Amino acid sequence: MTARATAATAASGMARPQRLQAQGVHVAFGGIKALTGVDLTIQRGQVMGLIGPNGAGKTTLVNVLTGFQPPTQGRVLLQDRPLTGMKARDVARAGVARSFQAARLFRDMTVQENLIVAGLGAGLGRRAATERARDILDWIGCAPIAQTQCDGLSYGDERRISIARALAMGPSFALLDEPASGMNESECAALMQVISELPARFDCGVLLIEHNMTVIMGVCQRIHVLDGGRSLAEGTPDEVQADPAVRRAYLGEKAEKTALVI
Amino acid sequence: MRNFLQVLVDAVALGSLLALVALAIGLVFGVMRLINFAQGDYITVGAYALVVPTASLTPALFLGALPVPLMVAGVLFVVVLLALATERVAFRPLRDSDPATLLISSFAVSYFLQHLVMLIHTGRPKSVGIGQALTTPIDIMGLRVPGIQVVTMAVTAVLLIALVLFLKRTSMGIQMRAAAENFQMARLLGVPANRVIAMAFVISGVLGGAVSLLLIVQTGTLDIRMGLMPVIFAFFATVIGGMGSLVGAALGGFLVGGASVLLQSFLPDGLRPFRDAFVFGLVIVILLVRPKGLIVIGAARERV
Amino acid sequence: MQERGMIAVLEKAWPVLVLVLGLLLAVVLADAYGSVLMKRTVTDALIKIVIVVGLYIFIGNTGIVSFGHIGFAGIAAYFATWMTCCAMMKPITMTGLPDFLRLETYSLWFTALVAVTAAGLVALIIGLVLMRLSGLAASISTLAALFIFHAVYANWDNVTMGRASIVGIPTYVTLWVGLGGAVLAIVVAYLYQISAFGLAARAARDDEVAAQASGISLYWNRLIPFVLSGMVVGLGGVLQVHFMGTISVNAFYLNLTFITLAMLVVGGMRSLGGAVVGVVVLSSIADVFRRLEAGVDLAGTRLSTPTGTQEMFLAALMLLILIFRKDGLMGRRELRLPRLLGGRAAGAR
């Protein structure tokens, strides 16, 4: 069975949701506003980029979408189903999976077991979860390290497995938090290939947080820009690059400027 | 009314004693995330230092034979030394362990000390008569209050004030508070970790020694498990108050002391033997409602 | 192909097989050559294995140190006592018991079953409440649970005879019964460990946040091992009373808690093999000290170590392990099939 077929089996029985939406999301930590009135819609079958300077609220938004951070105001919808107030675990089971900036693998387990856990968490049986884990590891070229203990992985492998684990849930939406950070050029290229194939292969939508603009411009159909907790712009890569507000925001940060111009 | 006042005095007296133990535990927890179960054995060792090691049930006095000021100084010295020794030998090498491991290690230290005392003094309870004059009740506005309760409250008040002054006015105290708030940050800012932690143990030793003396005058009995009940109650007092918060620890001590005295007085007869179970049940309830205790300090949420 | 299948099965069963065969060998030897005292020592160690493996099921798989499990051993042990002990004395000394316990005596098998179930039920009720907590708060609350158990049983005079010992409990636990208990505990622990539930619990242990993001419930995956381990520890309690023939509430309090935790820590909290190894090592040390305390003849003079040295040594050893070998003698691994027999060099449990 291929990864696509397993993913499809998981989805059969109910219609896969078309959209994951954040509507008017505010998050405040004490007096600090991390997000102010953010609206964002991720379509299934699409890769949406989420960019912005450090501290713009990107990870907070992912935390809100995945139930780790309850919004102070606003709501999250999966198709028409409200996810706000649900526990992170139930959001995951509803089909919204994520990877982490710090990978957060289960360190005392093998790579394959990491993926099996996600399959089990999504409600698969042991056998089906194992099969899906193998398929995904094959596909991203990690089959050789399937039986390796996770506390001995290289940095690049850790990130790939973090993504693979999110996919092992067979999610309708996969939210990837800076998967390319710390990767070298060839690893980045392989990662871009993987991400761009995700929507078709797993029948899902992707939200990609990334600082590496080559990756963002290369794989995203649409890009959403956050700055200081507010939505600054959204559009196709070309539109966003041409947007004067975006340029202004990024020009303030020299390091980001060069990256954006590519 | 008089009965109620009597209960109140009892509650405050017991609460004071527990607050002293709870402060010691809270202070050490603040600087190194260690719940020091061996605090109870500091108390036991301090009390046993009063007598000469023999198998006799009414042993001759050792430190207890000295004039009162020297006796107090002697006991405090012994307990402080012991506290520092346990820190140096057992707890310092484990400083970077997680709190559960540290708790286990303090169980080990406690078990060690308990059997050390047993080895030196034998395991049988002994009686010792020190400060018996203090146990006679004094009349205060119609209330008959044992002198030792008054002394306990006074000692607690003095130690609390001294501790507050130390923490607010001395540079060591300020560094200690900084370390309790955020140890890593304090370290980066140049707070000397070893000295701050050692100081916390010194204070816990002083508090432990004070409790030894107060307990001995109160009960007149030496037992190798005499520190156990105070430390269990105080331990839960710090949990209720909020681990790491000193105000919380003192508050928790008074709360737990108050709760046990009140339960003792007002529980129906059939349930009174189970008083302790109710107190411990209360601890679980508070943990469920506020897992970090009543007073939460610098408890940053884990960043996802 | 078939050979490879055989090796796979052997590889999977190996960690248990080794432990069981090792214990079997020890029992056979003790049965054939051991003195009465030796047999008792080995039996006692087998019972400790039941308890420590029970502890391991929860602590090893969830990473939460529980200080309260000995309470479940006590619950089961008292049930076993009420159901089997002293038909003549019971109606007089334990007047608070309901009639079906006070006036009846039950078969040993049925008793064990009921006692273990009771421990499991109590663990379920306590776990339903406590497993909402994480980390240190969870550990502390299990300790509170132990104190509650003790405060209740030590004062429930007309049911437990308070702090006094109850005597006259039938003793049927021999070497072989002890072995049966230990093997059962080990097999249960291993089956749980390799099951999907065990995997999920360890995921929650390794990273709470990532486990939730993977759809794993922290609550259920702590509650299941909590109850299972409560039952296994309960079985240990049942065996203990039917070995000793007496029971008192202090037998299931801080000392037993400390010793069993020490065994787990020394062997390795995150390894089933470690749980067993820890019991074997510490029981052997205790046996040596018991002999030393009784006195040995050395060059004509009789030397003996004073009472208490054994406990001090134990505490010191535990501290040394915590300081220098945090994961215990076994580390985080299980015993692996040697390559000689076709095992892989590195791999997962």
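Observations on the model:
Per-chain residue numbering starts at 1, and chain names A, B and C are given in the order in which the chains are listed.
Methods note: contacts are C-beta pairs under 8 Å (C-beta built on N, C-alpha and C of every residue); 3 or more make two chains touch, one makes a residue touch a chain.
Please read these numbers as outputs of a predicted model, since none were measured by experiment.
Counting C-beta pairs in contact, the chain pair with the highest total is B-C.
Seen from the C-alpha centroid of chain B, the farthest chain centroid is that of A. The geometric centre of chain A is 50 Å away from that of chain B, both derived from CA atoms. For the pair chain B and chain C, the distance between mean C-alpha positions equals 32 Å. With each centre defined as the average position of its C-alpha atoms, the distance from chain A to chain C rounds to 44 Å. Counting partner chains per residue, chain C shows two or more touched chains at residues 209.
Chain contacts: chain B has residues 304 touching two or more partner chains.
Shared interface positions of chain A, defined as residues touching 2 or more other chains, are 68, 100.
Only residues 66, 68, 87-89, 92-93, 97-98, 100, 104-110, 112-114, 116-118, 120-123, 125-126, 129, 147-149, 165-166, 169 of chain A touch chain C when the two sit together in their complex.
Listing the residues of chain C that touch chain B in their complex gives 64-65, 129-130, 132-137, 139-141, 144-145, 147-148, 151-152, 155-157, 209, 254, 258, 261-262, 265, 306-309, 311-312, 314-316, 318-319, 322-323, 326. By the touch rule above, chain B contacts chain C in their complex via residues 35, 90, 93-94, 97, 99-101, 103-105, 107-109, 111-112, 114-116, 118-119, 123, 228, 232, 236, 239, 243, 273-277, 280-281, 283-284, 287-288, 291-292, 302, 304. Interface residues of chain C facing chain A in the complex, by the touch rule stated above, are 196, 199-200, 202-203, 205-207, 209-218, 270, 332, 344, 346-348.
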